[in-house]
């Protein structure tokens, strides 16, 4: 995996070590790099897709700004009632989640020839953990209909070591700890309102019919190996 | 790793397959099993520790009840304004996080001879990702002072592939997606109020002096391997 | 003021007393009655307005269902980790706020001849509490740009006994206690995305230019009297 | 009512006008003044009470600091993803609610001769809106057991024009719009953990037996007059 987004501090150090550039001079743009996505789908208007990409850029920009701020923020006066540190850390989680979830979403939608084969690991793991593929679909749709502006996700839970569905509200609320996301659909109003108004179900079902199962398969394969590591097995 | 907590559905299936027991007859107690912890510390009163164990049991009990409910809940009427499905899924995340985070917390505190060696992976990774060990400490304390009833955590971020600190509010708010927790301290009022009242800093600094670094080392080793898998390297 | 929305229990009692109808037989539709709004504005498409009215009805419907549920819910097993009572009460606040705020919003927008006179109480109170009318506008817009799917509100604060601005997230988060709303604009994505996509500022500024100041004036007059009562003065 | 807490901007203006003092020179202490409370109860230890008063002061201090900050904050760059304005406004609500609710709480507890008379308005209104006094008690306790670190409140709802119970989480979550609080009990762990650990029900029931009904009666009387104003009646 080419790691296109690097954590601020680490990235700066690597660049500094490599180029001999002083930390102060490194442009923010080096830090969390924007990924390019070609989203080809008849389910969304071009205006809606372009608008969505702009939102993604905004999360990325905020995340970078926050990472830079945290390098020099006053930590001694951190306080739970009110402090810059608390505020900035809250927004770090919000924008970091916003940025990464959009990347995962853009990368796993828009396959008009979408098809899941029964001999894939994805199919087997979904069956193992949800009963049947149809059960997964019903549960995923139920989660999508329950999200208050946010995400519906099939994730690998590192504690239960199985796939589960969840919905997230506002990027950082109702988030399971130990989640590795494998199927991600954006359920914010901003994702579909231009084209569907309140009919979120049509949007969601449409998206599920165009999932890029080859992308999902690669993610699922990784979760299987992560599970082996967590159980102390050889990979 | 011996997996003491199994996800409801999977566990039931395994038991069903093995014993030929019908799904309906499986006792809840089979599902998410309570772990036993010996917490030996001069930092907390026995009453406080026993009380805390009872809280952990309550989260586990609620998580089990919820898992059972979800087996037969009405998914067709899932709705974001109001539905049983939404409500129960919200509490699933809350109690699941509550249960697992308490396990991680109990397991990594209470070593009166606590010591981190400079040749451990923990020490090296903390230095790599926070600058110095002292920087990690300052950031961890700042996060602890910023949490509104909840958790301060050093976690491995699967996206940035580095260690970061965060605080969580009320178990499931302000949670980074893709988090593998490695150092966990409970900052709910319930953790320290009996013994410290509002002096949360004394409690937190005390806890940090008694961290079980051997436990943390095992967690960090796993995160290193997870990172290799995420980058497509051989483990 | 004609009170079009009555609280469940009270409404049932009144109807029961008046008509001799048994409590059980009262139709839900009697309880929280839908208000009709004519929203005439060139700022929003008809599709967007109709969609918005449907959302309002859905909040009202959920609020009524919840009120009915609460009449017979199990209160003895109320629990903060997980209980029907907690879940339903959370959604009561969410949908009640959703219903009432939409009524206030619909009632105070869409005046194409909008004008605030300098001899109105509205103008005087805004000047007293914000410095100048322009300061209020800037603060209101800043709040509108800060809301994460929700509301920007000028409200009379019963504690400070003055007008303040706030934004609310998701209907029931970040809500000041003791708030009497006087100017209300919906900043959920659902309010403007069909027509404006992410350009929320154009929508907001447009709405502010079409505020129904005669409606707001009536609200402000009431807050002035409420203030007198709070200070123990004769009204 | 003597108004001991004044809103920042207004207070400064009044003081400035009266004394000719420059805005910059006004001490923060003028702005939101601390109230003194004598809390006499056998239900809480002195340590716990003193600790609680310190928490109240901290909320007040943060609220004052925030009010001062807001006078000169950058509003033009207000943004929902990340901005100082959003962060500070969030904490304004949190600390303002924290300060006022503690004042209401301290003022209505600790009467060892607590008694509610059947000819009081409080008793009549509670009966009108909850059915019976006993129904109110059960509902209030159920709310108290459902709060996740926060408040249980009987409030006058300006929309339904009746008394309702609610619980609030973390000061500013799950807050009904249009709430005038009349009976307030603190259900944060910080209120009772020193003396009761997780036995919150004993604490709550104890508090309910020592409510200052004379204080509550004054509040209820005001809500009755507010209701008359809202209905356009003469007071």
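Read from first to last, the chains carry the letters A, B, C and D; within each, the first residue is number 1.
The rule we apply is simple: a residue touches a chain if its C-beta (ideal position, glycine included) is under 8 Å from a C-beta of that chain, and two chains touch if they have at least 3 such contacts.
Just so we're clear, the structure is a prediction, and the values are computed from it rather than from any experiment.
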**Asked** Common contacts of subunit B and subunit D?
**Response** A, C
**Complete:** Looking at Cα centroids only, farthest away from subunit B lies chain C
**Request:** Between subunit A and subunit C, tell me the centre distance in angstrom, where each centre is the average of that chain's C-alpha atoms.
**Result:** 34
**Prompt:** Distance from the CA centroid of subunit C to that of subunit D, rounded to the nearest Å?
**Reply:** 21
**Asked** Cα centroid separation between subunit A and subunit D, in whole Å?
**Response** 39
**Asked** Touching two or more other chains, which residues of subunit C qualify?
**Response** 79, 90, 94, 148
**Asked** Inside the complex, what are the residues of subunit C that reach subunit D?
**Response** 1, 3, 5-7, 9-10, 13, 75-76, 78-80, 83, 85-86, 89-90, 92-94, 96-97, 100-101, 128-131, 138-139, 141-143, 145-148, 157-162, 164, 166-168, 172-181, 222, 225-226, 229-232, 235
**Complete:** So, in the complex, the side of subunit C touching subunit B is made of residues 58-59, 62, 65-66, 79, 81-82, 84, 87-88, 90-91, 94-95, 98
**Request:** Going by the contact rule at the top, pick out the subunit C residues touching subunit A in the complex.
**Result:** 47-48, 51, 54-55, 148-149, 169-170, 188-190, 193-194, 197-198
